[in-house]
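After this come two complexes, each holding chain A, first together with chain B and then together with chain C.
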Partner chain A sequence: MSSPYATLPEFEYARPSTLEEALKLLAKYGEEAKVLAGGVGLITFMLERLVSPRIVIDIKKIPELRRIEYTEGKGLVLGAAARISEITRYMDSNPRVREKYRALYEALSRIADLQIRNRATIGGNICEALPFMDSYAPLALFDAKLRIASVEGERETTITDFVKGPGFLDLAPNELLVSIELPDPPRESRSGFSKIVPAIEYSVASVAMLVANPVDPRSREVRIAVSAATPAPIRVREAEEVFRREGDIVDLLDAALDRMTSAIKELVIEDPYASAEYRLEMLKVQAYILFKRLLDSFLQERG
Partner chain B sequence: MESIFSGRYVGAPLRRIEDERLLKGRARFIDDISLSGMLHAVFVRSPYPHAIIKSVDVSDASRLRGVVAVLTYRDIAGSIKPWEFEVPSDPMYPLARDKVRYYGEPVAVVVAEDPYLAADAAELVSIEYEPLEPVVDPLEALEKGAPRIHERASSNAVYKKSYKCGSVEDAFSRAHVVVEDELSMERVYAAPMEPRGVVAHYDGEQLTVWSSTQTPFDLRDAILEKFSDPPSSVRVIQPDVGGAFGAKIPTYPEDLVVPLLAMKLGRPVKWYSSRREDFVATVHGRDVRARISLAATRDGKILGIRARILGDLGAYPSDYWLPDVAARILTGAYNIRNGFVEVLGVCTNKTPLGPYRGAGRPEGIFFIERMVDLLADELGMDPVELRLANMVRPEQMPYKNCFGFRYDSGDYPGTLRKAVDLFKVKDLSKWAREERGRGRLVGVGLAFYVEITSGGPFESAHVKLEPSGRVSIIVGSTPTGQGDATGFAQLAADILGTSIDKIEVSWGDTGLIGEGVGTFGSRTMAVGGGAVIKALEEIIKKARKEAAKMLRVGEEELEYRKGRFVARRSPDRIITLLDIAAATGGLEAKVHYDPGRPVYPFGAHLAIVEVEKDTGRVRVLGYKSLDDVGKAINPLLVEGQIVGGVVQGLGEVLYEQIVYSRDGALLTQSLSDYGVPTALDAPARVEVHLQETPTHHPHKVRGVGEIGAIAAPPAIARAIEEALKPLKIRVRKTPVKPEEIHRMLQQAGKEDDV
Partner chain C sequence: MGGAVVREYRYIGKRIPPRDAFDKVTGIAPYVYDMELPGMLYVKLLQSTQPHARIKGIDYSKALSVSGVVAVATGRDFPFRIGIYVGDRDLLAIEKALWVGHPVAAVIAESPRAAEKALDLIEVDYEPLQPVFDPIEAMKPGAPLLHPDLGKYRISPAFKPRPGTNIANEFRLSKGDVDKGFSKASVVVEGEFSIPFMSHVYMETQAVIAHYKPNGYVDIWSSAQSPFSARYLLAMSLGMPVGRIRIHVPYVGGGFGGKAGLGWEPLAVMLSKKAGYRPVKLLFTRSEQMRLAPVVAGVKAWGKLGLDKEGRIVAYQARFIFDSGAFGDYTVNVSRTAGYACTGSYEVDNVECLSYAVYTNKIPTTALRGFGYPENHWVLERLIDMAAKKLGMDPAKVRSINLLKPGKSKTSTGARLREDAGDPQRVLEEVIGSLGWGREPSSTDKPWKIRAKGFALSVKGPSQPPDASSSAIIKFNEDGSVDVMVGTGNFGQGTVTSLAMIVAEEFGIPLDKVHVHEMRSTNDSAYTWQTVGSRGLFTDGSALLEAIKDAKSKIKRVASAVLRVSEDHLEIGDGKVYVKGKPWHYIPLERIVMGYLYENGNAIGGPIIGAGRHIAELNTFLDPETGQGTPTIFYTFGGTGVEVEVNVLTGEIKVVKAVQVFDIGKAINPLLVEGQMIGGFVMGQSRALYEELIFDEMGSVANPNLSFYYVARAKDMPDEWVLKIIETPQSDGPYGARGIGENVMIAVAPAIGNALYHGLSVDVRSLPLKAERVWRAIREQNPKLYKEALEAVKRSIRESYKKLREALVVAR
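Presenting the complex of A and B:
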C-alpha cells in the first residue's frame, strides 16, 4: 500500500544554475538523488512515498535545459526542462515547425490539462517511465535523439532504447537527460497522433504516424509508432516496411496493420483499464483513421 | 398570513448570496482551520482486506522526535464504545480491535507536531497481521464455505427482507409475456471536491469539533453517547464543506478519535484526509444488483413484478437499508398491483457502503426503467406508450405503491405527455433515425422517475428580527454547497417584506442552534424551508400582538401585508414590522417543523448520445429534463441541482467504477484511476423545464437535490441502446465502458453476419 497521507517526506533541496553543477550533485548523491523538473510526477510519487530521495535537484533554473529551438536542417532541440506549454506555444508561433512535428504537437497539446501542461516538462514526461506517457510515440516517430550527460561525459540514445518498461529507464544514477533532438522529418511529410482515453486520464492505446510522398513508391515513407498499449514505446518497423512494396499505398494498409498486429501482439498490456484485445484493436482502428486523415490532407493540398 | 408567492424574491432566479465569499477565497474549509498549538493526526490503515491483528508495535514510531502519541485500540478501548449495528454483525471499533475487515480500515493513530512527522511515524508503526481469505464478490460471499466476515452473523447475508402485494403467482400465470433480466449499478465513490477532515479542541470544559460533515448534530450526539467520559459540553461546527453527496452523512471513526485525542492530549488536533485516503476511508455508494421479471399482457398491461435485489454492504452493515429503498421504489411510476421483492444485504471485505446522491432510488429507478424498455422492445411497443398505459393516474393519488411507499400527488401520464411535447421527442427520434441511416450512431433515450424526499423527523429554525431591521436566520439544515441560504433568504425577504440584503443565514453549528437534523435526502428546501417559514409566521404572530397594542385595535382587525400591519377599517392606522421590532427590542422565534408525510418528485429526462463505432466511446450530445419539483423557490438553484445531478449520473453510466482486485486491494485509489466526469464530458447544455405541482408544505416545495442522479442513468442507457439500433444491444449495468460497448458491437456484428 503506498502511503495515503499526501505529506512529503523530508528531503534536501538543491537548485543548480549550471549543468555542470547539476551533474556534480548527481555524481555525489547517485541513487539518493531525484531530479525535479515540473514536479508533476516526482511530487506525486513523493507524496505517496513511493520515492523518498535524500536530495531533490531542481533543474528548472539551468538555462541550457530550458531551450526550445528549431534550426533549418538541424531540426528541433528541446531542453529536458522545457515546459510542455512552452513547447506548444513555440510551435504555435512557428506554424511551419508545428506542421513538421505535427504528431508531437498533437500529443503534447492534449496532455492532461492546461495547469499541468504549464508545469510538466518534456524531460519529466519521458522520465516518468509509465507506458502511457504522451511524448513516447511521437518521439519514436521522429527518430528523436536523447542526449544523456554525466560527469564522465555524454552519450546519445533513442526513446525506444531509453524507455525499457514501466519504471525502467536506461539511465544510470549519475546521469541526466539533457535534451531531445528531433531531426528534420522527410520533406513534405504529414504526421499525427491519436490516443484512447476511455474513462480515466491515461491513454490505453496511442499511435503516432507519419506519411511522406505517398504516391511515389520509391521515395514514399510511412512511419508508425505505438505506446500506452505496450510496456514501452515501439517503432513498428515491420509494418513500415510493407509500404516499400510496389502498388497503391492504400492497398498496402491492411497488410501493414496485420504485420503490426503480429509484431506487437505478445507485448500488449492487459489490466483493469482495458483488455489486451481492446488495446490492440484500438491501435489498429487509430492507425487506420490516422492513415486516412494523413492521406486526405495530401489530397486536399493538391486540391 | 398573506401568500408567500406574491413577493419579488420567491420564484426569482437569483444568484447565490453564498458565492462572494466562496469566489473570493474567503471560505473556511476544514484544512483552513489552524489553532495555536495544534497537533496533526495520521491514521495507520490496514493493507489487508481481511486479517487478524497479531500484534502492534508502536515503539519505533513513538521514539521519533516530534511524535506526541501513538494509539491503538487498547489505548482507547475504555474511552469510546464501538458501533453496534441493527443487523447481525460484529461491532465496528473506531480503531480495529483484533480483526480488520477492509483494505484501509484504521488500526492505529499517530499524533505529531506536524503532518509530515505524523506520516513519517505512521510508516514506523509495525503491525503483524495474519491474513485471512478475503471475499470481495457479493455472490461469492453468499456461497457456502465463503470466508465469514462477522462471527456474530450466521452468514454474510446479514440483512434479509421481502415485500409483497397482490398475488404475484397469479399475475405471472396470467401473463402473455414475461421478460427477465439481470441488472446492476456498480460501486462508486462520491468524490466530493473536499475530502473529509476533523479538527478538535478541548478547553477543559467544552469540546469543540469541526468536521467536514453533513450531520453535525449526529456527531455531537455520537460523542455524548459513545464517549465513556464525555465532556460537559460539546459543540460541533460544520465549516464550509466542499461537497458531500451523502458520503458525509455517517459519523466516521475519525470523527470520534480526533476529538478524543484532543481531550487526552490537551492540545488541538487536526486530521485531514488525502484523496487516496478518502477513497478507502469514506463510504462507497450503489453496488446493487437485481434479477427482475415483469409479467405483462400482449397489449402492454404490466401485471406483476418479481425481483431479487442484492446489495453489497461492504465490511460493516451500517447502511443496510440502502438496497431496501431500491426495492421499495421498484415499481417506479407504474401501477403494478402484484409484486414480490426479496432484498439481501451482503457483507464483503470492502469499504462500507453508504448513501450517495439518491441512496437507493437511482438503483430502483434504473432497474424498473430498464425493464420497461426491455418489455417495450419485447412487445414491439413504443416505450412512451407502454409507460403511459401503465402509469399511476392522477385520480389514484395519493397512491400506495406495491411495496408500501405512498406517492403524494402528481399527474404522471400528463407529465410524460408534456415532456414528449416539450422535448420534441418525435422530431428528435426522426432525426436520429435519419442520422443512423447515414451511418452515425446516434440515439435518443427517455426515462421517467418518481422518488421520495423530505424525510423527518423535523428541521429547526431560529429567526431574529433585530431592532435595526436586520434579520438573522439560523437553520438546522446543513447545506454543503447547494445554495440553500439564498433560498431561505428569498422566503424570508418576501414574508417580511424586506430586502434580501438585510438577511443573514447561518447554519452548521450546534452551538448556534440546539437541535437540528441536516441536509440530505433532498430535504433542505422542503423541510428546512418549512422550518424557516414556520419561524417567520411565529414572528408575525408575535408582531401582530404588539401591533394591536400599539395601534389600539383588535388583532383580528389587522391585515398583514409586505412588512406592515394595517387596520382594516381605519387604513391610516399602519405600523411596520420594523417599527415593532424597534419598539420591542426585536422579535424572535425558534421552531421545529415536522414535515409530515414524505413527498415524491417525478419527471422525465431525455438524453441524446452518439456512440463512436470504432472505439465504443459515448458522447452525450444533448440532454433535456422536465421535473416536478413543486414550487421552485429559486429556479437557478434548481437548475444547478439538476445539471449537477445529471452530470454525476452521466459519470456513473459512462466512467465511474470502484475496482477491487480479487484479493481485496482497492485498485482505483486516485482520480487518475477513477474517472469522474469533467465539464468536457458534459453536454454543452442541459435544457431544464420545471413543473410545479404543489405539495403539503407551506411553500409547496417537493425537492430537487437528487433527481438528476436518479433520472440520468436510465435515460442515457436507453439512448445508447437506441444509437446502436437495429442491433439488439442491452445496457444492463453501470458503468458501460467503451470497451464493453465495442465488444457488444463486435459480437452483434458477428451474429448479423451469420
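Presenting the complex of A and C:
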C-alpha cells in the first residue's frame, strides 16, 4: 500500500458509543460512510484515494464490539473491533482456548508486527477483503459465524459466503460486521496454520488444517481451508471427504491433497509475486508438513 | 617485528559507542524532514502517467484557483538540463515525459493539503510515443530514443555517451589478449547474470528546503550526503556563484549513495524563486521515493572465465549492461566502475570488460553502496566457483592462486598494488577457516531442509576523481575543549565518532571535550568533496591529523616561550603541553589555547586553530581506450562466508551463519566496524534474497511500498556471526586505516549463490534468490532432490502415525 499523497482527503468523523447509534449513521450515510476499526486498511486506502468517504464512523468505542469471550460449549465470540493483540493475549492467558483454536492463534500472532497487531482488529482484517488476509483460512476452518447487523435487523453468514473476492464483500452499505463466533471444535482436535511469505509482507499461499481422532477411522475428522492463493478463502470439503473413506488416515492423505489440488486449481492467483503453479504446489507442500506437525502434536501431548 | 614500538592508545582501537546514538534513540536528532521555516511553502509534484509521451499542453488553471495555492510550475519554466556527469536531467519534464512517475508539474502551496488538492486538478495532454523498457532492446538501432539531443548535452570528460542511441555511457577495459588467453585455458565457463532494479530504502526519504533570497543568496537545508558537491553542481547548473549558495545538512536518515551528488536542490531553489522568494519544502512519501526519486539500476551481465590446468585465470571477459532508466545520473559512473574493477581481488593478465549505461523509459537510477562492485562480483565470484568445479579444484585454492599480491601484482587497470594494501591471502584463509569450508555442513532435524556453505571474496576502493580532496579545521574553546569542523556526512556510518576519538587521542583530552556539530554547512564546515566510496575516515581523517599537527605546532610555539625550551623538546598529551622527559614542567591546554596570560598581565599567542587537508596522491585519469590507470587511493580486501538452510520444498533460504572478514588496516573503533560488518551483511542479504522493484507493462513501479518491496527485518538476521578484523596498516591512512563502509555487502550475494551451487547443485544466476526462483531451479536442475524431500516428509508422516498408534495401544 503506497501513496503519493501525504494528507488524507477531507472527511467528517463520528465516534458512536453504541451499536444502535453506529447503525443509524450507516443507514443515514450508506455508501458515503466508511467504518474505522483499527484503521490499518482504511487509512492507507484513503491515502491512496481508493476511497474518499464523506464520513468515517469509528467503532472502537462501542464496548460490545470489543468483546473477547469464550464459553464452554458455546465457543469463542470476538467483537469485530477486538484488536489482534488483545485476542492473542486473551488466548495466551487461557491456554485451553488457545489450543482449541490453535490455527487462528498461529495466524493472528504472525500478522505483520506487534505495532500493527496493537491497532489492527479482527473485523478490519476480515473486511479488508484482500486474498491474503490472515484470519480467513482459520475462520473457514472453525466454521465461524459472522454476525451482520443493520437498522433493519441481523443476519448470520460464513466467511466463505461473506468474502467474495478481492474488494468484494457480501455487505450492504448500511450493514456492519458485529461479531465472529467460533463454535467449539471437535474434542481432542489439533489445528495449525501455515503460510508462505516470499519477499513480500503478505502470504501467497496459506493453509489451515484441523485433525481430530487421527487413528480412529470412524470418528476421525480432517478439515482443510486455504486462502491467499485464491481470490477468496475456500474450505476444501472435497479433500476433507476423502478422509471419510475406508483405510488409515495416512493412506488417504495423498489422495486427499490431490483432490484439494484439482478442486481449486482453476482458481489460483497468478501475479508478479508468485505464479499459480508455485502457489498451488505450496498449498500442497504446506499441507503435508502441517499434517505431520499435527500428528506430532498428538504424540507430544502423550509423551 | 623486533624493535617495533607498539603504541599504547587511550581511545584508538577501543569499542566506543557511536556519538549519535543518544540523539537518535531519544528522538532529538534533527532531520530536514522535520524542519519548518517561517513562511514556508510546500511542494507537490505531479507524476507522468505515460512512460514516453510528448507533452502537448498542461492546463493548471483549476489548480491555481485552489485556496492556498501560490504557483504552479512546469518544464517550460526551467528549460535547461543538469546532471553530475551527463547533463541529461530536467527539473520538470521538458517537452517529453520519460517514465511513469516523471514529474511534469509542481504545485507550490501554503499547506501540503492545498498542494495535493490542486495536484488532482491539473490536466496534462499527452501524445504517447513508443516506449522502450528493456535495455538490450534500447541499445538496438532504431529503438525509440529518450534523448535525441544527447550529443548536445554537457558531458564530463571521463564519460562517453553515444549520441543518436540510448547509450548514456560506454566503457571498455582492455588488457593483454583475451583470445590468446582463452586458447591456453583447460576449462572455460560462461554465463548470463542479472540483478534487478532496487530501492535504497533509506529510512528518511528525500527532503529539501530551499530559500532563494531577494539578495541573491540561496540557503538550502537538504537530506544530502555531499553538501559541497551538491553546492558546486547546483552552481554550475543554475549559473550561480558557488559562494552565494549555502547548503546546510543536519542528520541524514541514511543515504547508501542515493543522496550523493546532486539531488532535488535545483528544483527546490527554482521553485522558491518562482514562489516569490519564499522558502519551499519538497519531501517525498515512500511511494514517491520509489517512483520518481532515483533508485538503483538493474543489470544484465555476461561473463566468461578461463582457467589453465593449474587453476590460473588465463582470461576474463565480461559485459555489463546497466539499465539506467530515464537519466544517466550516477549510473554512468557506476557502470564505468563495474567495468574497470571487473577482475575483483585477482590478478588477470588478459581482460576485456565492457560496460554500458543505457536509457530506458523507467525510473532514473543512481549510486548505491558498493558502486558497481556488487554487480561485477556477482558475475566473477560465481564464475570462479563454476570453473573450479569443472576443473575439479577447490574454489579456495583457485582463489588463492590468483589473488592480487600487494607490492607485486597489477590490478585490472594496470596499476601496481601498493605494498601495504592489505593481506588478501589471510582474508581468504580466515574466511574458509571460520566457515569450516571443506567440512560438511550440520544436518537439520527436518529432512526437507538442507544446509549448505559458500563463500566469496571482495575488494572495494573509492571511485572518485583524481583530485578529490578533503579538509579539516579544529579550534579550541576556553575550557580546552575542541570544536571539530569537517565536511564528512553524518548518516549512520559512525565516521564522526572515529574522528572525535582521533582528536581526543592526539591531545590526550577526554572524549567528551571533543565536539563535532551534527550540522554540515558549506559556509562553515571544512570542505570535503563527497561522503561516498568508503572514503570519509581515510580522507577526512587524514586531513584532521594534519589539522591536529598544525594546532600542536601553534601551541608549542607559545609554550616554548612560556616554558623556555625549544619547540622540539615539547610534547602534547594528557591535556597538557609539557617538556619531554620532565613532564612536571607543563601548561594545561586550557591555559594556553586561547592565549597565555602571564602573572603581570602580559599575554601571548591567541586562540588556536588548526587546519589540514588531504588530496588523492598519484591517482590518474583512466586511458579512454583501454581503461588503464590508477583510479583509487586504497583497496580494501575482504571476504564473506555463509551457511544457509534451504527449504527444498518451498525454496526459502535462511542464513544460519555469516562470516565477515576484512583487512581494514586499523580499526579506529572496532565496535563501529563490526556494526558495518553486520549492517552491510544484512543489506547484502536483503538484496541477495528479497529486494526487487517490479515493473508493470507501462514500465511503472508496481511495488512502490514496503509491503510488496520486502527489506530484511530483524527476524531474517543470521543466527550466528563470525566477525574478523585484520589490521595490515596502510602507511598513508589515519593510524593505517582503510575504508570499510561498502565492501561489507559486496560478497554476500555471490557467497549465497555459491552455497546453493555447492550444497544443492543448483545454479541460480538472477537476483534476488527469491523462494519461487530457488524452488523452480531445484525442480528443474535437481528434481531428484525435490522428490526425495517430499518423500521424506511422507515417510516421516507415516513414522509419526505409527508411533501415535503404538502410543495409543500402550495407553489402552
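The rule is short, and it goes like this: the second predicted complex is superposed on the first by the 300 of 303 C-alpha atoms of A that agree within 3 Å, B and C clash if a C-alpha of one lies under 4 Å from a C-alpha of the other, contacts with A are read in each partner's own complex, and residues count from 1 in each chain.
The definition used in the following text is that a residue touches a chain if its C-beta (ideal position, glycine included) is under 8 Å from a C-beta of that chain, and two chains touch if they have at least 3 such contacts.
Computed from a predicted structure; not experimentally measured.
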| message | With both complexes superposed on chain A, which partner does A:250 reach: first (chain B), second (chain C), both or neither? | response | second
| Which superposed partner A:220 touches (first chain B, second chain C, both, neither) | neither
| request: Pick one for A:289: touches chain B only (first), chain C only (second), both, or neither. | output: both
| field | First, second, both or neither for A:199, with chain B first and chain C second | value | both
| request: Look at A:145 in the shared chain and tell me whether it touches chain B only, chain C only, both, or neither; answer first, second, both or neither. | output: neither
| task | Report the partner of chain A that touches more of its residues: chain B or chain C. | result | C
| message | Per the contact definition in the header, classify A:89: touching chain B only (first), chain C only (second), both, or neither. | response | neither
| task | Name the contact category of A:110: first (chain B only), second (chain C only), both, or neither. | result | neither
| Of the two partner chains, chain B (first) and chain C (second), which one does A:5 touch, if any: first, second, both, or neither? | both
| message | Going by the contact definition given at the top, which residues of chain A touch chain B in one complex and chain C in the other? | response | 1-7, 196, 198-202, 272-275, 278, 281-282, 285, 289
| remark: Per the touch rule above, chain A residues touching chain B in the complex are 1-10, 47-49, 196, 198-202, 272-275, 278, 281-282, 285, 289
| query | Inside the complex, what are the residues of chain C that reach chain A? | reply | 47, 112-113, 116, 283, 285-288, 290-291, 448, 649-652, 689-692, 694, 702-710, 768, 770-772, 775-776, 790, 793-794, 796-798, 800-801, 803-805, 807-808, 811
| remark: Interface with chain C, chain A side, in the complex: residues 1-7, 196, 198-202, 214-215, 248-250, 253-254, 272-275, 278, 281-282, 285-286, 288-289, 291-292, 295-296, 298-299, 302-303
| message | Give the list of chain B residues in touch with chain A in this complex. | response | 42, 45, 47, 103-104, 115-116, 118-120, 122-123, 274-277, 280, 614-615, 617, 654-657, 659, 665, 667-669, 671-675, 735, 737-739, 742-743
